[in-house]
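Working notes, beginning with the structure itself.
Letters A, B, C and D mark the chains in the order given here, with residues in each chain numbered from 1 onward.
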Amino acid sequence: MNIYEKLAMQEEMISPGISACVGCNVELTIRTVMRVLGPNTILAIPPGCMGGVGVVGWDKKSGSKTPVFFPLLDNVASMLAGIKLYYEHIGQKVNVVAFAGDGASADAGLQCLSGAAERGDKILYICYDNEGYMNTGYQRSGTTTKGAWTSTTPVSRQGCGGKKQDKKDFPMIMAMHDIPYMATCNPAFIKDMVDKVEKAMAVEDGLAFLYVYNPCLTGWGIQSDKSIESARAAVDSNFAPLYEVIDGTFKLNYQPKEIIPVKNFVSYCKKFSHLNDLEIENLQQQTDSKWHRLQMLCEMG
Amino acid sequence: MKYISDYIVPIGPEGLYIIDTGKWRTRRPEMDIVKCKKCGTCFLYCPVHAVKRHEDKSYTIDYTYCKGCGICANECRFDSIEMIPEEGDSDA
Amino acid sequence: MPEIKVQNGNMAAATGAALCRPDVIAAYPITPQTPVVEYLTQFKADGEIESTMSEVESELSAMSVVTGASLAGSRTFTATASQGLALMYEPYFRASTLRLPIVMAVVNREMISPQTLWGGPQDALCVRDAGWIQIYVEDNQEILDTIILAFRLAEDKGVLLPVNVCYDGFYLSHMSERVEVPDQASVDAFLPHYVPEHIKLDPIRPMSVDPLTNGYLLTEYRLRHTQGHQRALKLIDELDAEFANQFGRSYGGLVEEYCNTDSDAVLVTMGSMTGVAREAVDLARARGRKIGLLKLRAVRPFPGARVVKAIAGRKAFGVVDRSVSFGWGTGITFQEIRSAMYGEGSNIPAVPMIGGLGGEDVTIEHMMLAIDCIYKAVESGLSNETVWLNKEIDIM
Amino acid sequence: MKEIRLHGIGGMGTVKAGEILVHETVKEGKYGNSMPFFGFERQGAPVTSFVRLDDKPIRPKNKVYQPDCVIVLDPSLLVSANVFEGLNDNSIFVVNSRIENLEAIKISDRVARIAYVDATGIAMELLNRAIPNTIMLGAFARATGWAERKSLEEVIVKFFGEKNREAFRRGYDEVKVIELGEGQL
C-alpha cells in the first residue's frame, strides 16, 4: 500500500476545525501522526500551540477522537509514564503518546523526559520543534537558532541582536539516552514521517522519541504557502537532517541530491532577515560541522 | 447562579470541538482537473486534510475547513492549483 | 489475624500502603521520608506487593506519574516531605482539581531556609488550600491505620479527593514502637476495589481531560470540589467509627478530645507533640487545673463545627503550632481555629503559641508553660501575643 | 516507665540496640519506643538513642531527658560526651569500659549502680569487629533486669544471627556490677 492509500484509509483523529495558524505545518504533523496512531491512543498535549488551538478541546468538548489531556508544561513524560505503567499493569496495549513543543520537551520538560527515557518508560514522545514559545507569542527557547529574532531576543533599531546562544541539539541529546528508537522528521517528508511513527509504535522495550522540525510561519515570518517549502529547505541544506538511531546505531534517512546553502533556508524566515553575511556564514559552518559529525556517526554503523 | 454540569471534573466527553475555519479563508485553491496528474502531493501536505482522495485515485478539495493557506498551490508540480481571492464574506 | 510488630513511622506508612494494594507507586527519596521508598521497593523485590513501581527522577515526576496512573484508573500511592512537596506543587494542585483519589504520606519536615532536615508541618500546611484532604497523626499505629482509611475516604464517590496522611519527620518517621498490623483479608473487606467513573483516560471511552474551560464552568467545578470536602467532613467521622468497629481502634475522626468534658480551658495540638501534651494535661489536672486537650487531626476539610463544640463555653484556649503563618505572626492552625470560633459568636481569649520549629523538641516543660499561658488568659480574660515556647523555656 | 539513653558512635549499632530493646519488650506483650537523636548518620560520629519501656502504651514521642539508665557503647564517650546529663536519682550506668577508664572519670552521684564490661575486647575476639552493641545489651539485661534474658537473646539472634548469641551471653556473664552504696570504685 502506498502512502496515499494508507493515509486515505486511516480515520482523521483530530477535530476537522482547529485554530492553528493558516498553513501551520504542526497541524499537518499532528493530523498525519494521529491518523497513523489511530483510535487506540492516549494523547498528551501540553501547553503550547497544539493545546492553544483546541486539540484538547473546549469546556465539555474534545479536540480529538482519542482520549486526550493537558499535562503540565514540565511533566509530560512522567504523566504518560504513569498512564502506561497502569495499562502495562493490567496487561492492556495502548499507544501512550506525547505531542509536545520544544518548550515542554527540551526546556521545562527535559528533566521528566530524560527520566522517562532513562527508566525505559514505554511511551512514544513526539516533539515538534518550532524553535520557541510560539503559543505565548514567539519567545526564545533552548532550541531557537542562534541569531534568530524572537520577542525576547529582539533586534535593535540598528539591526543588531537576535539570540546570542546556539541551538540545543535536542535529537542528539535524546539519542545519547540510548533509547531504543530516536528519529528526526520533517513535515515536507510525509512518507518518512509515517514510516517513523510506525517504527516508533512498534518499540516495546523503552521510550521512542520522534523529533519533528517545524518552521513556524507566524513566529518566524514565513509566507503561509511556503510552509512546506521552507521546511524542505531546512533538510536540503542539512540544517535539520533526517536520521534515525535504532538501538544506538545511526542511520541517515535522506541525502539531499544537491545540498543547498543554509542561506537559502534562512532567506525564507523573517526572523533571520537582520543577519549579516558573517553571521550567516557562521550558521553555515556550524551546519557543516554538525553534518560532518552526523555522517561520522552514521559511518560507525 | 444555576449550576448545570453533569461532571465533577473538567472533562470533555461531549463530542468534538470544531471551529469553523472555512470562514478564515481569503483565497481559495481551485484545482484544474485537466492539469492535475493525480500525484497526491496536495493531499499529503494540506495541513487541515481538506484534500480528499477518491476511489478512482482522483483528488478534490473540500472547502468546509480549508483555511486557504496556499500550500497545495505552491507544492503542486503541475501548476494545477490556483489561489483565487474569495469575494466578500467567505461562506463556502 | 493481625500481627504485633515493632515499626518506625516510615515502615508503618509503607506497610499501610502495601496493605491497600496500590496498582502504581512512584516516589522519590528525601529525608526523612527516604525509608518509605526503600521499604516499598524492598516489598516489591520480595514479591510481597504486586504494585508497579516507578523509581522517578524527582518529586515532580513522582506526583506526575501517580497522577497519570490515577487518570488511567489505578489506585496509587506516593510519599514525600518538605522541598519535595514544594517541587510537587504544580501536579499536586492538579491532582485535587482533577479529583484523583491519590494517597500521599507527607513526612513533615521544615521548609528551608535555613538548611534543615528536621520536623515540622510547615511543608504540608502551606499547601492546605490546594484542594487535598490533610490528616495529621500522632503515632505509628495511627499512621498505618490512617493510610488505610485514607484510601477509603479518597475513593468514596461523594468525596473523590486526594488525601495526605501527615506525620512528623524523625519524631515518628524514625521512632520505633509497637504497631498492630491488620491482616490482608480484613483490609480487603474494609477497602473495596477502586473503579473510577468520574474520569478516566481510556480509548474505550474517549474523553478529553482538562479542555480549556471558561470561568463559569470552572466556578462550578470549584463548587463541586468544596462539596467533596463537605462530604469528607461527615465521612471522616463515620469511617473512624466503622474502622473502630472492624479493627478496634478509634482516633476520634476529625478531632480527638482528651479530658475535655469538664474543662474550663482548652489546649490544642496536632501531630506527635500531642502525646507529651496528654502527659502535661494529666499533670496540670493533678495540680488542680481543669484543662482539656483538643487534638486536631483534619486540617482540610477543616472541622469547624467540632472545634467549636470542643472549645465553646470555655474561658480560654491556646494552640501550640509547629509552624509559622508569616504576616500573622502566629502558628498556622491557630488562625484556622480562631476563625472557626468567630462563627461561634463568642470572644474567648485565645493564646497563639509556637514551638518545636525545625525539629526542636516539644517537651513536658513546654506544654506546662503552654498551659500556664492559657491560664493567664483565663485570669486576665484577654488574648495573648504569640508565645514562642522554645525561646521562653531558654530564658527561664 | 523506664527511660534509657544510649551513647554510641556511628557504626556501632547504637540505634539498633535501642530498637532491639523495644522489640524484646513488645514481644513480651509490653510497650516501648526508641528513637535516634536525629542528625546525619555517619560512620564515626557520636550517636544518641532514646528508649522508653513500660507495661502500658507510651505517649511521649520525644527525647528522653531524665534517663533511669544510660548505656555507653564506647569508652571514649566518657570523656567526650556528657553521659550523665539529666540523670535520674538511683540510676544505672552501663558502660563499655575497662576499670581503668572508669577510675579516670568522675561518676555522677546520681548513679546508684555501675555495670562495666570490656565489650570492645569481647567483640574483637568474637566478631573481629568493634561492634559492641549485642554485648552491651547482655550487660544491660544483667545490670537492670528490665529485659528478660532469654527473650532478649532470641531477638538478638533473630536480628544479628547466631554469632551474636555468644556475644550477648558473654556480655551478660562478664559484666561487673558494682552497687555504689556498697563501696567505692
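Rule of thumb we're sticking to: a contact is a pair of C-beta atoms (placed from the backbone, for glycine too) under 8 Å apart; a residue touches a chain by one contact, two chains touch by 3 or more.
A quick note: this is a predicted structure, and the numbers were derived from the prediction, not measured.
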Chains touching both chain B and chain C: A
Counting C-beta pairs in contact for A-B and for C-D, the higher total belongs to A-B
Chain centre separation (chain A, chain B; CA means) in Å: 23
Rounded to a whole Å, what is the gap between the Cα centroids of chain C and chain D? 35
Go ahead and note the Å separation of the Cα centroids belonging to chain A and chain C. 43
Could you tell me the distance, in whole angstrom, between the mean C-alpha positions of chain A and chain D? 64
Tell me, which residues of chain C touch at least two other chains? 206-211, 213, 217
When you check chain D against every other chain, which residues touch at least two of them? none
Numbers and ranges of chain B residues touching at least 2 other chains: 5, 7, 11-13, 17
So that we know how the chains sit together, what is the shape of their touch graph: line, ring, star, complete or other? other
A full list of chain pairs that touch reads A-B, A-C, B-C, C-D
Can you list the chain C residues touching chain D in their complex? 4-6, 32, 117-118, 138-139, 168, 170-172, 174-178, 272-273, 275-276, 278-279, 359, 361-364
Quick one: which bits of chain B touch chain A in the complex? Just the residue numbers, please. 5, 7, 11-22, 24, 40, 43-49, 53, 57, 64-65, 67-71, 73-75, 83
Show me the residue ranges of chain C that touch chain A in the complex, using the header's touch definition. 23-24, 26, 52, 54-58, 60-61, 63-74, 76, 90-91, 94, 201-203, 206-214, 217
Of chain A, residues touching chain B in the complex: 3-5, 7-8, 12, 15-20, 22-25, 27-28, 31, 54, 56-65, 187-188, 190, 224-229
Please give the residue numbers of chain A that touch chain C in the complex, ascending. 39-42, 51, 54, 56-72, 74-75, 78-90, 94, 111-112, 114-116, 118-119, 121
